[in-house]
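Structures given as structure tokens follow.
Presented sequentially are two complexes of chain A, the first with chain B as partner and the second with chain C.
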Partner chain A sequence: MSDRVSDTPDAPNGSDPAATGVAADGGVADGSTADEPPLDPTADEPELDRGIIEAWAARMISNPDRAYRATFYVATIFFLVTTLFPFYWLFMVAITPRGNLSDVGVLTPGGFNPGAFIEIFTTLPFHRYVFNSFLIATIATVAVLLVGSLAGYVFGRLRFKGRNAMLLLVLVTSFFPPAAFFIPLNRLFNRNVDALRPLIADGSLYNTPYAIFIPLSAIFLPLSIFILMTFYSQIPDGLEDAARVEGTTRLGALFRVIVPLSAPGVATAGVLTFISVYNEYFFSSLMTDGRAGSWAPMLEGILRFQGEFEVLFNLMAAASIVAVLPVAILVVVAQEKIVSGLTSGAVKE
Partner chain B sequence: MASVTLEGITKRYEDVTAVDDMNLEIRDGEFVTFVGPSGCGKSTTMETIAGLTLPTEGTIDIGDRDVTDLPPKDRGISMVFQNIALFPHMDVYDNISFGLRLRKYDQEEVDRRVEEAADIVQLEGMMDRMPKEMSGGQRQRVAIARAIVRKPDAFLMDEPLANLDAELKVHMRTQLQRLHRELDTTIIYVTHDQAQAMTMSDRIAVINSGVLQQVAPPLECYNEPANLFVAGFIGSPAMNFLEGEVVDDGFESTYTNFDFDPATQGVQTGQEITAGVRPEDVYLERDAEKATAPTKAFDAVVDVIEPMGSEMFVYLLFDRDVEASAEGRGEGQLLINLTPDAEIEEGDNIQVVMDRNKTHLFDRASGEAITHSLE
Partner chain C sequence: MSTDTRSDRGGSLFARPLDWLETQSEEVYAYVLLLPAFALLALVAFYPLIETFRFSLLADSVASADPFGEFVGIENYVALLTGDTPFTQQFISVSTTSGFPFVQFDAPFFQQALFVTLAFAILSVLFETTIGFGQALVLDKDFYGRRWVRVSIIIPWAIPIVIQGMIFFLMFNPTIGFGTEFMQWLGVFGDNPLSSSTDSFMIVLVADIWKTTAFMALLILAGLQSIDRGLYDVAKVSGASPWQRFRYITLPLVAPALLVAMLFRTMDAMRIYGLIDATAGCETVPSLTCLVIISLQNSRRWATASAVAFLTAVVISAFVVAYLLALRNSNGGVA
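Moving on to the complex of A and B:
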């Protein structure tokens, strides 16, 4: 003990402040070094010759709340910068006139030409591309929520043999890379099916919205089933029983009681599906010829601003910003539900 | 209003039989209570009547209709649930009118009926409250209003008072009885609380392990229990049981014996039987004249006295050597119920008599009651 006490003054500056603190405490407890008048360890601190970082670390240890707050702000700012700065820079590029694109700085535009936001609709029917994506995403979301609700009800609320095996099978399909489905689907959709002739011009699904939303709905369905299943399973049995006694069928109880009470889960599944389908490129680009009239999606439209001799970066940037708007609005509207849906599955009765 | 008839209802799950061959006829306008310990099958029976569970075998008739294969909504019943089960996303008005709106009643009729039902359960002025803004008692009243608003043929109530506090429970009990009188509708009520069963019902159906034990008016179940299970389940504190056998001139067990003529009671010498006597049918020897027909006196030692105010529970040991069991109801022990003025102390040696007219005999092997009086 006395060894450690005598060591204290010699402790190198670079040593762990925590260790220094402990040693100082030891000195206090021992009380053998009678020469030092104040035995309060905090009063000792100014006398130690500490570097800036060490002093900072000591403050953080004595007041951990500051450390947590500091870490929180650092993490938040880092996250906000990495997510929002690209948008800011896109905007800078978008308002730069076509000839000055090389002048775009890190924070400043190379000129001022808001006309790009008009031009994207005149050079190409970009609104049509956005509409295509929006419509396909909406149909897919409705289809996924409808089928997902039925499946979620079955997996979440009914007990039957082979339930877990079937659930696993459904989930396994979402583990495959979507590319694995592409060739068979492409062959299927490019074929002219006589039975479809009365419904679709040449009996082929190629260049129709069906060719896009059918496979995309199928790919995003398992995730939605999983989310909805978790939510539906938490609705007390008594509520479903009450609805059935009061006069609904099982389906009626699902849509009148279980779904409304699972609103956060339904919103989460719906928004995730919508965003995924809206942003999807791989299938959409391969199932159409890329023209707006052929139901080509929004991303296809953005890439069309890339000419043979020139890439119109300002128009691509403007188009990207416009394309983000529908999803941004959707998320803002549904935000409250999504947050509670992602963070908790609890349903208050 | 309608009668409810169960015929041979059996519900089997993979490895257990929850309800076993239940036959029961509930008359129009009757208040019948299913009572039994937890997991005895009373709720399953009710669910089969409601149609929430399909019976493995048997048929259910409500009124003159066979409803065995009908979905719950077409059975003409309504139900009050243990967890109350109000729809949390609807206000009181929407909750009560849910069933009417599904059946496409016109708006005026819905309003009129909701108002009437709310009036009966005293919910005026709360129509736009949400369930979570209400107290437990108010929610329960909304649930009852939701059940009565459709004027069903029969009400099913599955432990509706279980989640209420003690005071409210007693209050709601009276309300339910009043409601039954006003509506005059068949009510089937499930509870594990025998106080509710005894106080409210026209008849109680005692169920154990999925088997119907006895269906009778409450006092008949109390005074003439059909078997050992009913005798032990109905009544609080429960009946005392003395295990012994029939000898030439009566009954003999380790600590007690009393005489009767085996021939007149329909038992044979050597038969293993259990004698049952309720705590209030045992008297101190000096008060023997209070018994209509006292047996001879037995020695006993006062073990524990529990004064309750209006009465006094006294745990006795037949012998100082008897090992007292934790619940005080084991072999060689006797619980008696005395008036609070009985002057006894713990540790006293006393003598007690039983009332021969209130002494029950049960066959030990089958559990069936043999007699409810030795005279």
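Moving on to the complex of A and C:
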């Protein structure tokens, strides 16, 4: 049916200018039957088309599995196009010279200028922004894995009073919006603390990586605790007991036996934390003044191309592509981990 | 023997607490190991949450060095909910509301923000659940190249919010992108969609659906894969059509996982900030979190901002409770 709708307006458009207005949107069936007699070549085509469609429809009816399989392929292709097309188009904008940006089509660039991928590093120290993001994400991941391993071990393997209440408390913190934490934290990090002066020039945490990775570690900690808890609880007790009999300490048994045996779980929690911190917007955009030297993360770099005098759209697009590559590679390499991590974290509830 | 003495002399800083830990009961050991996690959560979550609530009970003091004035009780909340709070963007509020039919024309800014946030959360979760279900059904099949289809469906979920914003910002930029032209051709958008509240709301909604549908798909997929495949064989033998199999086996069995996934998404959608900030800007599509930042940065109303932030948390908690009740009912219905 839909094929016929798209076919018929072409016939009147090409042949009879007077009829175009009528046939363009409404009354397709009427318009086509009225136009068919005088136009022999085009009149044949809808006939032939309908024959094919009818035959196809008949086959679908006699064999419904075919219809379901066709729907499946159409859906798959639709999902692939909708998810990947924006990246393709972003690339088209990135390689278009700045003067021709209005020529960017849906599928074609407005010119060819791969120099934009060099320019992003000379106009702004974009590599520094990406480095800042990497550093913050790495520190946060290490911190979350360490603290989360301890907590995940406790929740997964030990029995103690108040376990469920404490687990609920961890869960509840992941419900609250970061905005509810922001104002006191902002005040705290802007305060000059004399004790920090030897470490940081003016004694305040604003414009340092600490101001971003401390809040983000805490915010993404609950998810990691749930993932690690699930994995750690699956290690048989006997292995831990054996290690203890061999003479390791309690902590030794955790870090020498349980953590290595749950390596996939640790990797999962690590990958998810890294991606989440790298992608975060709220704290990342508010805890620094946006200069590369103040440890501003990658997102400030991209937004900086929206300069005071000119918006460098092609550089924004190029910078976005450069910044998306690390996570895209991580997804391709670690997709099993991501899938299992997201689902185990959620199913555990 | 020799190792023992060495560790006693050299590593006493670490060895002594470890030795002490060895001798404690399992319960004490558990609490000690939980200490770092709860210290971090206390610093970043519990303490700020209580402070936010305390701040929200103080008066704004815009001019002085300390942004908080005397104790005023729930006055900030009353002013917010009745619309007496003077936001600097008040004049924009009229044009903002004109786009949304359910709010009266001169609705106070807070109520608009609440409306925008709720509308965004409900619509985005609705679309993401439907489309995510479709993606999950595709991924549940075994076919050649499934791994790569899954990768490409996950990738939008994994990209930074700022880049997601950038893509849609460029796409709907009137000179560069094709989005504006296309939507105008459909007769939906005006000339500059990124400065119109209604149009921007739709752009933000589409951008969010594009990115986070994958998350829903993965959670639903987990639910789908936990279904016993034997049930489908039984249904097939009894002559159930694929639609009937979906309606009477898949849907009821996947419902608990679906509700959990929707809960996670709703909480997340109600925190929307970064996407709006990177595309249309907070003044055009004011969400609740946007309102916190606006009142902090533009007018230095710290106490009001705290009240908005705490109300946001309250609204989200209300949703969480509603979902948990629904979840318990659905569990009770199945078991």
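The definition used in the following text is that the second predicted complex is superposed on the first by the 255 of 349 C-alpha atoms of A that agree within 3 Å, B and C clash if a C-alpha of one lies under 4 Å from a C-alpha of the other, contacts with A are read in each partner's own complex, and residues count from 1 in each chain.
Going forward, a residue touches a chain if its C-beta (ideal position, glycine included) is under 8 Å from a C-beta of that chain, and two chains touch if they have at least 3 such contacts.
Just so it is clear, the structure is predicted and the values come from calculations on it, not from any experiment.
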Classify the contacts of A:Val106 with the two partner chains as first (chain B alone), second (chain C alone), both, or neither. second
With the two structures laid over each other on chain A, which partner does A:Thr249 touch: chain B (first), chain C (second), both, or neither? both
Determine, under the contact definition given at the top, whether A:Leu261 touches first (chain B), second (chain C), both, or neither. first
Max touched-residue count on chain A (chain B vs chain C) belongs to chain C
In the overlaid three-chain picture, which partner chain does A:Ile225 touch, first (chain B) or second (chain C), both, or neither? second
Considering only touches as defined above, state whether A:Gly238 meets chain B (first), chain C (second), both or neither. first
Once the two structures are superposed, pull the chain A residues common to the chain B and chain C interfaces. 249, 349
What residues on chain A touch chain B, complex-wise? 236, 238-239, 241-249, 252, 257, 260-261, 348-349
Which residues of chain A touch chain C in the complex? 64, 68, 72, 75-76, 79-80, 82-84, 86-87, 89-90, 93, 101-102, 104-106, 146-148, 150-151, 153-154, 158-161, 163, 166, 169-170, 173, 175-186, 188, 214-215, 217-219, 221, 225, 249-251, 275, 278-282, 285-286, 298-299, 302-303, 313, 316-317, 320, 323-324, 327-328, 330-332, 335, 338-339, 342-343, 346-347, 349
Sort out for me which residues of chain B touch chain A in the complex. 50-52, 71-73, 77-79, 81-89, 98-99, 102-103, 132, 146, 150, 156
Considering only the defined contacts, which chain C positions touch chain A in the complex? 18, 21-22, 26-27, 29-31, 33-34, 36-38, 40-41, 43-49, 51-52, 55, 134-135, 137-138, 141, 143, 147, 149-156, 158-163, 166-168, 170-171, 173, 175-178, 210, 214-215, 218-219, 221-222, 241-242, 257, 260-261, 264, 267, 270-271, 273-275, 277-278, 288-289, 292-293, 296, 302, 305-306, 308-310, 312-313, 316-317, 320
